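Reading through the structure tokens given below for one structure.
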Amino acid sequence: MTPKYRYLLIYGDGGHANALREIIGHHTITICGDEWKTSRHLSDKIVIGVGLVREHPKRTVLFNGMKEKGYSFPNVIHKSAQIEDSAKLGVGVQVFANAVISSNVVIGDNCIINSGAIISHDCVLGDNVHAAPGGVLGGDVVIGRDTLLGIGCTILPGIKICKNSFIRIGENVIANI
Amino acid sequence: MTPKYRYLLIYGDGGHANALREIIGHHTITICGDEWKTSRHLSDKIVIGVGLVREHPKRTVLFNGMKEKGYSFPNVIHKSAQIEDSAKLGVGVQVFANAVISSNVVIGDNCIINSGAIISHDCVLGDNVHAAPGGVLGGDVVIGRDTLLGIGCTILPGIKICKNSFIRIGENVIANI
Amino acid sequence: MTPKYRYLLIYGDGGHANALREIIGHHTITICGDEWKTSRHLSDKIVIGVGLVREHPKRTVLFNGMKEKGYSFPNVIHKSAQIEDSAKLGVGVQVFANAVISSNVVIGDNCIINSGAIISHDCVLGDNVHAAPGGVLGGDVVIGRDTLLGIGCTILPGIKICKNSFIRIGENVIANI
């Protein structure tokens, strides 16, 4: 369950931001463009509602800039997501419907685990990783920071993927990258 | 949750029809063949229990004929399906276990969203679309009517697929069709 | 829900065994190597916590040996798994988060239905089958014993796969094997 925040800012007004609004389930304050630079008096809690693949680097830049300004980043977690107690999540993590985060997984800051994505036991995801809908990671996978895992991709157990990687839609990863 | 109907007809006696019966969870009246043409005195509510890919055109023909006869088409929704409040569903829609229908999605009449299929935010599905188990649509995808999305297929965000299309099992769609 | 057992043995101390421990949710006794041959005085209930693909034959050998020693094999089922009432499960079956087992499915002994795997209506799985995370079986599929279904594989409705088969990660099976 997502904790209830008063005065929660959401950056962005596209489909990803709207999906987050619906998960949060109460009124939020929408900001766009450079407004976050001057909106900290409205709230110090912010959710980055930018999800598209082509906007991925933007998420990292925004997170770093907002962190410097003193914002904090609540996690937004769909009520149907399955997250084991032993999993450790960073800040600003977004977990969508029916996603699975299994035992002893570590998820970095500012990650998106999108609808139905499966992160098996003992995986480690760096900061700013976006696991798109329906991707499946076997156990003990390590994903470097700022990496995009495309829709429905699959990754063999034990694989390591370096930072700034881009796994394509439906790609089956069977060797380290 | 599926609303409770007395005197609900189910057309078909194969595996798909049985799966629907189990979701509905109470007694129903099974009809086959051309019986629907003369069974309206038993009930005016009917569920089309034909799911196989090769029977897909049959679903559309049945729906149109039954509609003309004055039947109405209750939605059948598995208790574990995740459907956001902002999503709009037509009539005669069947949503199976662990399927996800995200925010602002529009689903036409007589569609099947099968087990574990994921329909991301802002997708629009025309009438009589069958999303087979485990398929994953990115955000803002548009699917034309009478289209079959095969098991485990993936579709990039923003893609448009025209009516009467057939996406194969495991196919990754990265351009408009 | 997993029934509560006192004195439940778990064989193995890797990631798969830990994931099972977390599903079971109370203290268990860990044994490794050949300890099961002499541990029956501790408990007669045992869970085989070996999941890796390369260790698959080991699961069958262990199960047969333990059965001969008189152990029984409780099923371990994640609270989010969707299993229809009409499905029949053998003993020693492990079902992980958000897995789907649809109507009239038959699952043999010592099977693993891993996270998010979908077993559609009327499928029959022999003993010792491991359906890895995110795999999707259409309806009426028959899987022979000791078979591995790789991560994210897809199988057309009605397909038959013979015993001791190995379906690769992301493989799309469209003909009998």
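A few remarks follow.
Which chain is which? They are A, B and C, in the order written, and residues in each are numbered from 1.
The rule we apply is simple: a residue touches a chain if its C-beta (ideal position, glycine included) is under 8 Å from a C-beta of that chain, and two chains touch if they have at least 3 such contacts.
As the structure is a computational prediction, the values presented were derived from the model and not from experiment.
Taken as a graph of touching chains, this assembly is fully connected, with contact between every pair of chains.
Interface residue usage between chain A and chain C, two copies of one sequence, is largely distinct: under half of the residue numbers at the contact are used by both copies.
Chain A and chain C have Cα centroids lying 30 Å from one another.
In chain C, the residues that touch at least two other chains are 80, 98, 116, 134, 152, 170. Those residues of chain B that touch chain A in the shared complex are 80, 82, 84-86, 98, 100, 102-104, 116, 118, 120-122, 134, 136-140, 152, 154-157, 170, 172, 174. Those residues of chain A that touch chain B in the complex are listed here as 15-16, 18-19, 21-22, 51-53, 78, 80, 96-98, 114-116, 132-134, 151-152, 168-170.
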